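Mind looking over this structure? Questions follow.
Chain naming follows the written order as A, B, C and D, and within any one chain the residues start at number 1.
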Amino acid sequence: MPLLELEALDVCYGDLQVIWALSLAVERGTIACLLGPNGSGKSTIMNSITGLVRPRAGAIRFQGERIDRLPTYEIIERGIAHVLERRRVFPFMSVLDNLLLGSFPPRGKAKRSDQLARVFALFPVLAQRQAQLAGTLSGGEQQMLAIGRGLMARPTLLLVDEPFLGLAPVVIRELLDIFARLNREEGMTILLVEQNVEMALGMSHRGFVLESGRLVIQGPAREVLESVELRQVFLGRP
Amino acid sequence: MSLALLAQATANGLSLAGLYALVSVGLTLVFGVMRILNFAHGEFVMLGAYASFWLFTLWGLDPLASLAVVLVLMTGLGALIQTTLVKRVLAAPHLNQILLTFGIAVTFQNLALLLWTGDLRAIKVWYSASSLTLGPVSLSLGRTFGIGLAMILTGLLYLLLFRTEYGRALRAVAQDPEAALVMGIPIQRVYILAMAIGAAYAGAAGVVASVSMFTYPLIGFLFGLKAFCVVILGGLGSVFGATVASLILGLVESFVGTFFAQGSSWAEAISFVILLLVLLLRPKGLFGVE
Amino acid sequence: MRRRVTVATTGVAVLGLACLGVPFLLGNYGLHLLVLVSMYVALSASWNILTLAGQLTLGHAGFFGVGAYTSALLALRLGVPFPLGMAGGAVGAAILAAGVGFICLRLRGVYLAIATLSLVEALKIVVLNVPDFTEGPIGITLSPVFRGARLPAYFVMLGVAILPVLATVWIKRSKLHVIFGSIREDEGAAQMLGINTTAYKVFAFALSAFFAGLAGGFYPHYITYTVPDTAFNIGLSIEAQIMPILGGLYTVAGPVVGAVVLTLVGEYLRTTFGAANLLIYGIAMVLVILWFPDGLVGLGRRWWQARVPVPVREGVADVR
Amino acid sequence: MRKMTMAVGLGLLFGSLGMVLPVAWAAEEEIRIGAVWGLTGPQAGVSQEGRRGMEMAQDLLNKKGVLGRKIRVIFEDDKADPAVAVSAAEKLITQDKVVAFVGGVGSTICNAMLGAFEKYTPKPLGTLTGCGATTIEQRFGKERGYFFVHPWEYYYQTTMRDFLLSVTPRPQTVFIAHEDRLYGTSHSKMAEEYFKEAGFKVVARESFKSGAPDLTPLLTRAKAMNPDVFYWIAYGADAVLVTKQGKELNFNPRMYASTVQLGTQEYRDAVGKGNAETFVGITVWEPIAAFPASKEWPEVFPSTRDWVRDYTTRFKREPHYYSIMSYVALVATAKGIEAAGSLERDRVLGAMEKINTMTPMGPLKFSPSKFAVNHAFKQMMIFQWQKGEKVLVFPRDVASGMLMHPFPAWTQR
């Protein structure tokens, strides 16, 4: 049984349909990435997993249980963390408050201090800046905070939306390393959305490619990377 | 001007500020969390005042004691209004929200008028029209009770916001509701909490009004408009800003009214001018951020 | 296409006939109601113009009041006849509004709404407190126009009501439509496109207030009396906002439909339910907002057209 | 959009037709009386008081009937808005075909309504309780068909002046405070004039916002000027606030004086019995000024004591001056109709002009005032709160007790 399973998903904004009959599955303990040009519906899929957007048809299953009708907080409580696009830290709260908010769900609250120690171990810079307002951090630090905040709920599945956008190469490398460690050391399943195809597929086990709201390619990362169709999607069809 | 007069004017201003703060802190909280401008907020004051009046008249409950009951009642009312009505316009444009809450206000006003007539009501207890004399300054007990209550309740709100899990959640929702959602914060419950606190605080202001002044069905408008000025001046959503703005307006109105001929009739216009000037320089109010 | 044009022509013809013909069948009461309906059409349609440009205001009672007082004072102090007084009121309101628009340039959303709302109160206090000039709370008494005959008064107010509706049609057909729309959707982006948003916003303020001032300019001559409380009545601001929303925001017909329906329904409730009429009105308002958030025009559209894209935002309460 | 335009057209058409159709099927059975009151909005409290008086009068009159018919009072709400009052008036005239207008509250409303009456020939009859402003008297007073039963401003203020002149030791300085709308402003202007003429020193005449939650700045200011008399002209809410906050600030002029709103049950209940001690107010009627029953019509104009008892039994509250004014206004109109023997306007008004009888409110006879042709109840009195009850202290011939003067300081009781 896959950890996360999307089945024949249709998502609409009003009368405008943006996702068409999309099915995909993410296996436990893997890293998967969602690729596609701008506006192909990647973020919409992420948002519908955590209930920020409600699908019109289809089903979403997490650990075999349907979650597409649950309120967001119950989805989060079942073990999904969602790191939104553009970081979205709470700018007028301290770094520590941001992190503590991450452990708002009961599953996180129970092991709050352990988690905090773990996050500080992963991102030592956050430990140094605990008392600082999150809005005053640099872009890279904010992204670390956003990920760290997600980890505070001890998720089984981590959804990350465009984590590398606008970051310096050094920081990107650091984050890549963190994702790999999380996957390796904790067996955490990660689904990420990314624009940079090579980098994303390079760190993933499996890749999904969207075009105009439809899933057009899926498979093991290396195969996707080498497929002809990938070029067609990103460079236009002949 | 004599020093005694200055002291008295300051005392008067402070007690007015206490009343303003009680009314506006809840309003600004509701706006901060839900981005809803609640035009029915003044009616919570009115209902709180009537609740206190009836508890006193029917059961002889002293306002100091009935305050607790009123807080509970108003919390319930706030929660009820949130879950049945306001919840459904959260995603609607501001205009629709204004109209919904305005409709609620009209309904409450006229319900009160039909149920309790248009008569003026006030509570008479030993502290309702008496004062403490400190040298040349007279401090009204009823209104001092208002200042005290404003300080206690604002303090409690600060404790809630900065020392509790749900307070942190409130602040998070105010800053970024979507990000708060994916933190696993049950946002609808946070909304209910905010509205309940807003209603309860307004109800507390109503208790003070029922003791130190009076109530009647349309009294909400009196407080509502001023509370809007206070929260806009302070910066929407900023509890601290609302407190500071209450102080400013309370003191300014008192000084203008005391030291200038025809000051009492101009005082309010001067409040509005201050508001416009501040907005001219800081469009988001004194402590507003967005 | 041709059929649509026919329908439109018929519609306008029927409307014209109704506006011009029916009044002759009415008594004073009916005519007075039509005058009030026209006044509210003028207020709600002119408010709608500002809203087209994305400016959420609650200051219409202020523009109305300035129109009323300018016109009344011109008549009282200089003996100016009412048509000129109305023009003066409209211009006065437009000038004030241009100033307000300029001052409030940086204000957005509810900040603007409350700032304009407090402006109404501030204006009222000023008028109350300079009695040597405005007669203060004593008010100004004027002799009735047309010796109190309602029919000509109605045609004047009808004219006042038609102007902002025509202006809306003109805006919708000119490039202003796009410009106002872009300011409404995203002012920053509009500026980046090289649109002088300042000028357009000030223009929208002035245009909208002009019509409100025109209606205000006629009102004291019609009622024969004005005091600050009735001229600067915040209730008018609220009504001017409720009506377009009930009718259908941003449309031509919406404010008209809203004003007609709400004025007549309000009058029906008032004459039928006595002291409970405002209670029912309040409850009805709540229900309308919950059930018909896009107004009557929106409701009609849904009926008449099979599929209309209506943006529905789900899940997150998007709140900005 | 286009279809909408048509829909609008149809809506307008049918809407307008709907207004034409229900034209008066005026039942010949009843005599209809129009009563326009601010049943909702800021005047709701007073309007309810007035309405009670009219309901009581209606029921009593209908026991015997008028000209063998029943009186039916049609109450309309004006929301305290002049435009709405005009709507109500026009509806009552054209649809309900009322014989006369009775009652009402608020000079602004009165002004707009009488303005709307102007274009009718003949003008509707009115027995009006809501007009007190002299501007109205000047504008509409010469019309014989308007019977005014509310005292004009100058009756109030000359009475207050004469009273102050009679006080020993005579007060020298007066601080006048007033609410900032028509009522307070117009009265206080007149008061200042009269007081100055009489040799009093008016140290200030200051306005404040009607119904404001805080009068301490004004009272602090007045206290600093230390006037002999603090005289304020405002509504009930303001009276409550002056009393409470005057006490809290320990403001001790030699006399607290105000107008009629100081005498209501509402006021006494709101401030508590002892707190208004020695405050004086002007009144047009007090139950203690007991009048005997009418010789002509004792069944509708019983003695003051009996009327007050009946009213209190029926409504479980003390009558307000608006209750008795509107009661007397309706009964007087009905008696005019009865004496005229028809509903014809000129005969009714002729009959009303001839009325000369005792009422629970005092002798009723319409006679000219400064500008008006038909006005009744010109005599006003000064009452004082003594031991929680109202005592009439001026003029001497109606007085029921002695004036307590000066005001004992707040701290000395």
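Following the convention adopted for this analysis, a contact is a pair of C-beta atoms (placed from the backbone, for glycine too) under 8 Å apart; a residue touches a chain by one contact, two chains touch by 3 or more.
In this text, all values refer to a predicted model and were calculated from it rather than measured experimentally.
A.B. asks: So, comparing each chain's Cα centre against the centre of all protein Cα atoms, which one is closest?
C.D. replies: The chain sitting closest to the overall C-alpha centre is B.
A.B. asks: Find the two chains joined by the most C-beta pairs in contact, please.
C.D. replies: Counting C-beta pairs in contact for each chain pair, the top pair is C-D.
A.B. asks: Compute the centre of every chain as the mean of its C-alpha atoms, then state which one is farthest from the centre of chain D.
C.D. replies: A
A.B. asks: List the centre-to-centre spacing of chain A and chain D in whole Å, with centres computed as mean CA coordinates.
C.D. replies: 73
A.B. asks: How many angstrom between the C-alpha centroids of chain C and chain A?
C.D. replies: 49
A.B. asks: Averaging over Cα atoms per chain, report the distance between chain B and chain C in Å.
C.D. replies: 31
A.B. asks: Hey, how far is the Cα centre of chain B from the one of chain D, in Å?
C.D. replies: 35
A.B. asks: What residues in chain B touch two or more of the other chains?
C.D. replies: Residues 110, 113, 178, 181, 187, 262, 265, 268 of chain B touch two or more partner chains.
A.B. asks: Listing for chain D: what residues touch at least two other chains?
C.D. replies: 40-41, 44, 48, 180, 207, 209
A.B. asks: For chain C, write out the residues touching at least two other chains, lowest number first.
C.D. replies: Each of 125, 128-129, 275, 278, 313-314, 316 in chain C touches at least two other chains.
A.B. asks: Can you name the residues of chain B that touch chain A in the complex?
C.D. replies: 165, 168-169, 171-172, 175-176, 178-188, 289
A.B. asks: Given the complex with chain B, which residues does chain D contribute to the contact?
C.D. replies: Within the complex, chain D touches chain B at residues 40-48, 180, 204, 206-209, 211-218, 220-221, 224, 236-237, 240-241, 243-245, 247-250, 266-267, 269-272, 275.
A.B. asks: Note which residues of chain D are touching chain C in the complex, please.
C.D. replies: 1-13, 15-17, 19-20, 23, 39-41, 44, 48, 75-77, 79, 81-84, 86-88, 90-91, 93-95, 108, 111-112, 115-116, 118-119, 133, 135, 139, 180-182, 184-186, 207, 209
A.B. asks: In their complex, what parts of chain B are in touch with chain D?
C.D. replies: Residue list for chain B touching chain D: 2, 5, 8-9, 12, 15-16, 19, 110, 113, 117-122, 124, 128-131, 133, 138, 140-143, 209, 212-214, 216-218, 222-223, 253-259, 261-265, 267-268.
A.B. asks: Can you list the residues on chain A that touch chain B in the complex?
C.D. replies: On the chain A side, the touching residues are 50-52, 71-73, 76-77, 81-82, 84, 88-93, 97, 100-102, 104-105, 108-109, 149, 153.
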